[in-house]
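Below: one structure, written as C-alpha cells.
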Amino acid sequence: MSTATSDAQSVAPVSAASRLAALRPVAEAVVGYGLLLFAAFATMAPFLWMVSTSFKTDPEVFRFPPSFVPQGLVWQNYLDVINAPDTGRQLINSLIFALGSTASNLAFCSLAGYALARMQFRGKTLVFALVVGLLMVPAQSQIVPVFLIVQKIPFAGGNDWLGNGGTGLLNTYWGMILPTAATPFGIFLMRQFFTRIPIEYEESARLDGARPFTIFWRILLPLARPAMAVLGVLSFQSAWNEFIWPLILTNSRDMATLQIGLQLLQSGPDARWNVVMAMATLITMPIIVVFLFAQRYVIDGAVTSGVKG
Amino acid sequence: MSTSIKHRGLNRRELLRGVAGSALALGLTGVAGRAFAQDQQLVFWSQFAGSKRAAGEALEAAFKAAHPERNLVSTLYAEPPQLNEKILTSINGNTAPDLFVQHWDYNLTYAAGDRMLDLGEALDVDMTALDPSLLAYGHINGAQYSVPMYGTSRGIGFNRALVTQAGLDPDAPPTTWAELREWAVALTRRAESGLLEVAGFSMFHNDLEAWETFTIFLQGAGGSLLSDDLSTPTFAGPEGVKALTFLYDLLYADKVTDLGFGLGPGGLASPFNTGRAAMIIAGNYSTNNALRAGIEFDVAPIPMEGGGFTSIVDPFCYAVPRDARNTEGAVAFIEFALSPEQQVAFAVESKNVPVLKSAQQDPAVQADPYLSKFVHTASFAPAKAPAIPAFSRLVTIIARAVQEAMFNRTSVENALTSAAAEVQTILDRG
Amino acid sequence: MTFRSGAADAPAFNQNLGAYLFLAPALLILFLSLLLPAAATIGMSFTDISFLRPTNFVGLDNYLRLLSDGRFQQAVFNTSYYTLGVTLPTMVLGLLAAVALNRRFPFRVAFRTIFYLPVLTSLIAAAVVWVYIYEPYSGPMNGLLVSLGLPPQPWLQSPNLAMTALIIMAVWRDFGTAMIIYLAGLQDIPEEIYEAARLDGAGKFAILRRITVPMLSSVTFYLMIILIVQSFQVFGAIYVMTGGGPLGSTETIVFQMYQTAFGYTEFGYAAAMSTVLFFVILLFSIVGTKIMRKGEA
C-alpha cells in the first residue's frame, strides 16, 4: 500500500525538464488513480448493495450472488418508509437528540480538552488519567445503573431532592442526551489536538493580559477547527446511530428515534429487507451531509493557512 | 488566520447552543420531566413488530373501540431482547408497564423472581380451550404466570420445484427418517469438484437453530430434553445419541450439506430463499420471505424415526407484573385478545398459530394454505415444555455440544454427556 | 514581600479555578454517566444481584468463577486476537488514505467521502456483502486465492479462520474514521517542514517516515487507544456476521457480558466480567503505549 501513497503524492504540478521526468508523474498519476479507484470500489461495494437493494423488488432481494444494479427502480420501498405514521416524529426526535448531543460534546469536550492540554492546575494528571480510564469502561454494563441514575435526578420529573418519587429525566430529551453529552473520546481527542498547537499563539495573548476563556475562545478554538470538525462528525454520527439510550430511557412512542423505527422494521425473521434498506439508506443521508459539510473544515482550517500539496 | 476569523461564528454559535442547552439541562430539569403513567391508563408494552405489526395494531384498535374507558397506551418494541432490557430496568425503577407480551422464556425468568401475577387465578378464561402444548410454556412453580397469544410451529419446509426436478413426488413428503434421508440425498447437488450447489437438507446456521434441529430429532427418536418434572436432563440418553448421530451421518456420510452453508444475517443469505437448499426446518415465519423470493414453498410435518410426526411450538405470551398499577385493565386486555374473533383475526393477519383451539380450526385460519399447514404441524408438538427459567442457558449449552460433535471436536456421546452434566449443575442451582 | 508573594499565589489559584470551571460541565456528565455506574458495577461484582431476586454479598466468588470459566477465557482470547488484528492495520491504512487525500487533486472530496462510507453503511448490508465476499464456493475472496494458486478457504465457516475474516471486515469498516482523524492531524504540520525536507532531497517514503509519522504521534496515540478500546468492546458487527460461531470462535467478552446480564439475569457475574474487561483494556493500552514510545525513540 505504500506505493499507493507515494503514487498519489506525486499527483502534483510538474516542473521537470527532461521528457522522461515529465512522463513519470503522468504514469504515477495513472497508477495512483487506478489504485484509488480500486480501493474506492472495494470500500463502496456494501454501501452500493444497500442502496441498490432499497430499489429492488421482493424476489430480487434474495438473488444469489447478490446483484449490485437493481433491475428496476422500485420507489415504493421508500414511500413505505416515508409514509409510515411515526417516521416524521422519529426524524424530529433523532435530530433533537443528535444535534443536542453534538452541540454539548463540542462545547464541553473542547473546554475540558483545552484545560487538560494547556492549563496548569492541581490534579491535572489525575483528571486526565480518569478521563482515559473512563474511556475503557464497557458501555454494556452501564445500562441498569444509568437508567436508575437518570430516573433519580433530583427535582426532575416529580422527584424530590433525594431523587425519589418521580421519573426523573426518563422520557425527556435531556435524559436521552445526558449519557452522551460529554464523552471521554471527545475530551481525549480535543486534548490531543490542543497539545499540538504551538504555544506561541497563546503566549502573546496572555502577555496582553487576555483571560483564559478569551484565549480559548478567540485563539485556540479557531485553530482547532479541524479537530472540532472531526469531533462534530463523530459525535453526530454516534448519536444518530445510537440505539440503546433512546430505547432504555424513554417509554413512549412519541420519543422514539429513527434507529428504533429501523429496528421495528427489521424485527423478526421475515423482515422486508428492501424496505429496511430503503430506511437504512435514508438514515445515512444526514450523516453524509454532515460529513461533507465538516470535511471542508477538517482540511481548510489549519494552523498553516497555506496551500496544501 | 483571516479564514479562521471568518468562520469563527460557526463555532461560537454551536458552542453557545451547547452551553445554553446544558444550563437548561442542569437547571430546569424539573420542568422538563413528565408524569409517567396516569392512574387510569393501561400501559401495554408490545412486541408485535415486523410482520406482526398490522395484526397487533388491529387488535389494539379493536380493544380501544370495545373498551374506550380503559385508556390503552401501547409502546412497540422490536425484539424480545430489547423488550427484556426495558422490563428488567423498569421493574427496578418501578416504571414497569401494566401488561406486556414477550417471548415465553423471558417471562419464566421474571416469574422465577416472583415478579409476575398468577394469570391462572386472575383470568376469567377457560384454560382448557387453549392449546395445551403452547400453554405449557407459561407454567412454572405450579402457576400460569404467562399466557400465550400465539405460537410459531415447525415443519419440514421444502422447495417443490427442486423436489420435482430430483424426480421425487412433492405430494408424498417423507414419513420416516429413512425417507427423509433418501430425499436429502436425492436433493443434494454438488459440482464435480465437490462444491455444494444445492443442499438437500440445510441443518442450522446459528446456535438457536442448532438447538432446535437437535431437539426435533431427539423427539423424533422418542426422547425429550428434560425429565417430566423438569429436574434432570434426559437428552444425553440413547435417543439423543441416535438423533445427533443421524445428523452427523447426514453431514459426513451423505454430505447433504456443509457446515455453515448459507450463513448470513437476518436470513438474507438463507440458502432456502436463494434456491440453494431444498429442505429446511421451517416455521410459519419462513413463509413470507420464501414466497417473496419466488420459491415454490411447501410444508410437511417432521417425521419421527419409525413413523409418526413431531414438532416444536414457540409461544409469545402475555404477562402482568405483580405490582402493576392497572391489573384489572391488563386482565381485561388478555381476555379480549383470547376471544375467538381476536384470535382468528390476529392469526390470519400475522400468519401465526392461535392459542385458542377453536380458532385453530376456524374456516378463516384453515383457508390460509400455509397457516393451515403450520396449525397442523403444531398439533404434533409434545404437550410438555422445557419451561425452566434457565432455558436460554440450556439452548447455549446444547447448541455448543451439537456443534462440537459436528465439527469432530469430540464424539457424539461425549458431547452430549458433558452438556448434560453442565445442565444438571444449572438445574440444581435453581 | 508578603503582599507580593500573595499576589504571586493569586494567579495560581485563579488558574486552578479557571481550569476547574473549564472542566466542570464535562466532569459532571462523566460522573453521572460513567463514573457512578462504573463504581456501581464494581460494587455489583461482589454480589449475586439479579434485579429480580434478593441480592446477597458473595465476596470474590464471581471472580473465582471467572478463573474456571472456559467460555469466558476463550472470549478473552478471541477479543484480544481481534484487537491485535484490527488496531495496527486500521491505523496504517487510515494514515495512508489521509496522506493520499491531503492534496489538491480532482475528486478528492468524493474519494474522502467514499472511504468514509463503510462506517455509515448499515451493518446488515455490510454483512450481506461480506458474507458473499467470503462465500466458500463463489465468493471473490476465494476467487482471488485460487487465481493466486492458493487453495480456497472456508472463511466464516472455520473456527480457525472466522475471526481473521472478521478482522479484515473491521479494518474495512474503521479505516475511514482513522483517515479523517489523521487528516485533521495533518493540517497542523507546517508546510515549511516538508519544503525543507524536499530541498534536502528526501524521498516520499522518507518524508512519511521521518516527518509525517513523528509529527502525528499525539494523534496516533489517540487512535491507538480508541481502537484498542473499541475493538475490545466489539459486539454488533460480529453478531450480525457469525452470531459468535462457529464453535464460539468469534464470541466476544461484551457479548458474553450482555448474555450473562440480560439473558441469564446474573448481573453480578456480568459485572465481574466487565471489571476484568476494564483491566484487560487497560493492560493492552499500557503495553501499546510502551511499544509506541519505543518506536519513537
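For reference, chains read A, B and C in written order, and residue numbers begin at 1 within each chain.
Heads up, the rule we're going with is that a contact is a pair of C-beta atoms (placed from the backbone, for glycine too) under 8 Å apart; a residue touches a chain by one contact, two chains touch by 3 or more.
Note that this is a predicted model, so its numbers are computed, not measured.
**Q** Viewed as a graph of touching chains, is the assembly arranged as a line, ring, star, complete set, or other?
**A** complete
**Q** Could you see whether B-C or A-B has the larger number of C-beta contact pairs?
**A** Counting C-beta pairs in contact for B-C and A-B gives the edge to A-B.
**Q** Comparing centres built from CA atoms, which chain ends up most distant from chain C?
**A** B
**Q** With chain centres defined as C-alpha means, what is the inter-centre distance between chain A and chain C in Å?
**A** Measuring from centre to centre gives 15 Å for this pair.
**Q** Need the CA-centroid distance for the pair chain B / chain C, whole Å please.
**A** Roughly 34 Å, centre to centre.
**Q** As a quick test, compute the distance in whole Å between the mean CA positions of chain A and chain B.
**A** Centre-to-centre distance between chain A and chain B: 35 Å.
**Q** Specify, in ascending order, the residues of chain C that touch 2 or more different other chains.
**A** Within chain C, residues 25, 51, 124, 128, 132, 262 contact more than one other chain.
**Q** If a residue has to touch 2 or more other chains to count, which residues of chain A qualify?
**A** Correct list: 104, 107-108, 143-144, 178, 181, 266, 273, 301.
**Q** Send over the residues of chain B in touch with two or more other chains.
**A** 22, 85, 88, 92, 266, 268-269
**Q** Quick one: in the complex, what on chain A touches chain C?
**A** So the residues of chain A in touch with chain C come to 1-2, 4-6, 8-12, 32, 36, 39-40, 42-47, 49-50, 53, 65-66, 104, 107-109, 111-112, 114-116, 119-122, 124, 127, 130-146, 149, 178-182, 184-185, 187-189, 192-193, 195-197, 212-213, 216, 226-227, 229-230, 233-234, 237, 266, 273, 276-277, 280-281, 283-284, 287-288, 291-292, 295, 298-299, 301-304, 306-309.
**Q** With touch defined as at the start, can you tell me which chain B residues reach chain A in the complex?
**A** 1-5, 7-8, 11-12, 14-15, 17-19, 21-22, 24-25, 29-30, 32-36, 43, 49-53, 73-79, 82, 85-86, 88-90, 92-93, 95, 97, 266-270, 273-276, 283, 285-289, 292-294
**Q** If we count contacts the way the header does, which residues on chain C are in touch with chain A in the complex?
**A** Touching chain A from chain C are residues 12, 15-16, 18-20, 22-23, 25-27, 29-30, 32-38, 40-41, 51, 92-93, 96-97, 99-105, 109, 111-122, 124-126, 128-130, 132, 135, 138, 172, 176-177, 180-181, 183-185, 187-192, 204-205, 208, 218-219, 221-222, 225-226, 229, 232-233, 235, 253-254, 257-258, 261-262, 267, 270-271, 273-274, 277-278, 281-282, 285.
**Q** Over in the complex, which chain B residues touch chain C? Could you list them?
**A** It is residues 22, 26, 81, 84-85, 88, 91-92, 109-110, 112-115, 195-197, 205-207, 258-261, 263-266, 268-269, 390, 392-393, 396, 400, 403-404, 407, 409 of chain B that touch chain C.
**Q** In their complex, what parts of chain A are in touch with chain B?
**A** 58-59, 61-64, 100, 102-108, 110, 143-144, 147-148, 151, 153, 155-159, 166-174, 177-178, 181, 217-218, 221-223, 225, 228, 232, 244, 247-248, 251-253, 260, 263-273, 297, 300-301, 305
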